[in-house]
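Order of writing sets the labels: A, B, C and D. Residues in every chain begin at 1.
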Amino acid sequence: MDRISSMFEAHPRRSRVDTGRLPAFVLELADCEVTCTLCADACLSEPHVQMLAKCIALNLECADTCAATARTLSRFGFAEPSVTRLQVEACREACGACARECDRHQDMEHCQLCAEMCRRCEQACSRALESMLAGVS
Amino acid sequence: MDRISSMFEAHPRRSRVDTGRLPAFVLELADCEVTCTLCADACLSEPHVQMLAKCIALNLECADTCAATARTLSRFGFAEPSVTRLQVEACREACGACARECDRHQDMEHCQLCAEMCRRCEQACSRALESMLAGVS
Amino acid sequence: MDRISSMFEAHPRRSRVDTGRLPAFVLELADCEVTCTLCADACLSEPHVQMLAKCIALNLECADTCAATARTLSRFGFAEPSVTRLQVEACREACGACARECDRHQDMEHCQLCAEMCRRCEQACSRALESMLAGVS
Amino acid sequence: MDRISSMFEAHPRRSRVDTGRLPAFVLELADCEVTCTLCADACLSEPHVQMLAKCIALNLECADTCAATARTLSRFGFAEPSVTRLQVEACREACGACARECDRHQDMEHCQLCAEMCRRCEQACSRALESMLAGVS
């Protein structure tokens, strides 16, 4: 078991959440934050930054939203389910928007990798929302 | 005109947003982030911190959500309306939850002040959501 | 007395800090974060974004560093003086670097306003560091 | 090669940084942020939260400082070396302070795991600072 899973297991209120999937979701969000921050910075160093302005803006939005969502999910002891659900919904939209824009710049490897990461994170958000609606998480 | 309003006025895409209300909303979110961070830290120094555990958790949640929402609203040049709307909805819920919990600790001035701030911020979120639905913002 | 000053006054460990200057400093950092986030977004919407790539990168750096520093200063109940001092030093450098770069783009009002804000925040960092060395804060 | 390393490799200015160690350092900071956020939340749910107040405060400080430092290191395209160095120094202090406090609560598994994570991150900061002084990074 990885360190983050062990941290979830060691939480006094672990029974409040689905500790099977949540640690992997939080790590995915953390990875997506780093990836989007790197993609924005790489785009700023490209010769054709003009074409990448929207991509940079959506990278930054996705990075900040993933960061906020990872925090919310890591604070499950006294979490308000309505806040968690809306935050994950906002994150799914931000990841989707970033993935679609990065997909338009497939000639740059950082955009290609970032699109893949955002797509995975968008799907992780969708799965988490399904569990919440099913009352599992 | 204050500095933040001038910054909104100086943005090349200022016509995309209602620059009347948005600067004040962003400042309210920034104030609420600081207030909730201070309330959490004050609660941690109280003799009866046990009773304040939920309050601290909701303070932290509200601070991070306000921070993320202020960022989203300050990045309106290429904003995705669906992300903005969901982020403001998450923020309204986080502010409401924090206000309700702080209200239960009226004997501590920091909780009293924090409840007032969160209530104001919750209302600012509601007004912003009404404008968005009305297509103004 | 403004709301943030009242929050500092209501903190059980208010005697640990110079509550005269600290609230204004924290608000200055919060304002600088918003201003730099707005300047980055405005730059991304300018026709000559290529020339502004470094400015955008330093805006983002300054925004995140100001945010982290405001958090550190708002958590003074159990603060480690060495962390606080280094964080304020990092912030002074980030504000100075951003101010110098924004100064090079005086033809854009958002850069002009952002340079002024960063310069003020840089000075506030310097004053805070002097107080810390003098053992006041 | 993992995804984050590939992102560093795909950056147009990759030659500015030591891409051997930097990706692992950024991931360590991201892990430490999540771990500290989880430890703070777990502490808030413990029956003896009173004893853990300082631990919670230092967890929060460490989480925010690691987050800011990961952002700074991921924005290496136009980075100011003085900001990076001071931010990593602040982070090393925050990790060290958190590790020392968590070490005092070895009976709680989350504090034990968090102490280990913070100690690793503190060492990663030290190694990075040595590289910077040696002019490698």
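The rule is simple: contacts are C-beta pairs under 8 Å (C-beta built on N, C-alpha and C of every residue); 3 or more make two chains touch, one makes a residue touch a chain.
Treat the numbers as computed from the prediction; the structure is a model and nothing was measured.
Engineer: Going by the touch criterion stated earlier, list every chain that contacts chain C and also contacts chain D.
Structural biologist: Expected: A, B.
Engineer: Look at all chain centres (mean of CA atoms) and spot the one farthest from the centre of chain D.
Structural biologist: It is B.
Engineer: Let me have the rounded angstrom distance from the C-alpha centre of chain A over to the C-alpha centre of chain B, please.
Structural biologist: Their C-alpha centroids are separated by 21 Å.
Engineer: Taking each chain's centre as the mean position of its Cα atoms, how many Å separate chain A from chain C?
Structural biologist: Inter-chain centre distance comes to 27 Å.
Engineer: Two or more other chains in contact with one residue: find those residues in chain D.
Structural biologist: 41, 44-45, 53-54, 57, 60, 67, 71, 75, 77-78, in rising order.
Engineer: Sort out for me which residues of chain C touch chain D in the complex.
Structural biologist: Interface residues on chain C, with respect to chain D: 53-54, 57-58, 60-61, 64-65, 67-68, 71-72, 75, 77-80, 82-83, 86-87, 89-90, 93-94, 97.
Engineer: Quick one: which bits of chain A touch chain D in the complex? Just the residue numbers, please.
Structural biologist: 3-4, 6-13, 26-27, 30-31, 33-35, 37-42, 44-46, 67, 70-71, 74-78, 108-110, 113-114, 117
Engineer: Which residues of chain C touch chain A in their complex?
Structural biologist: My answer: residues 40-41, 44-45, 49-50, 53-54, 56-57, 60.
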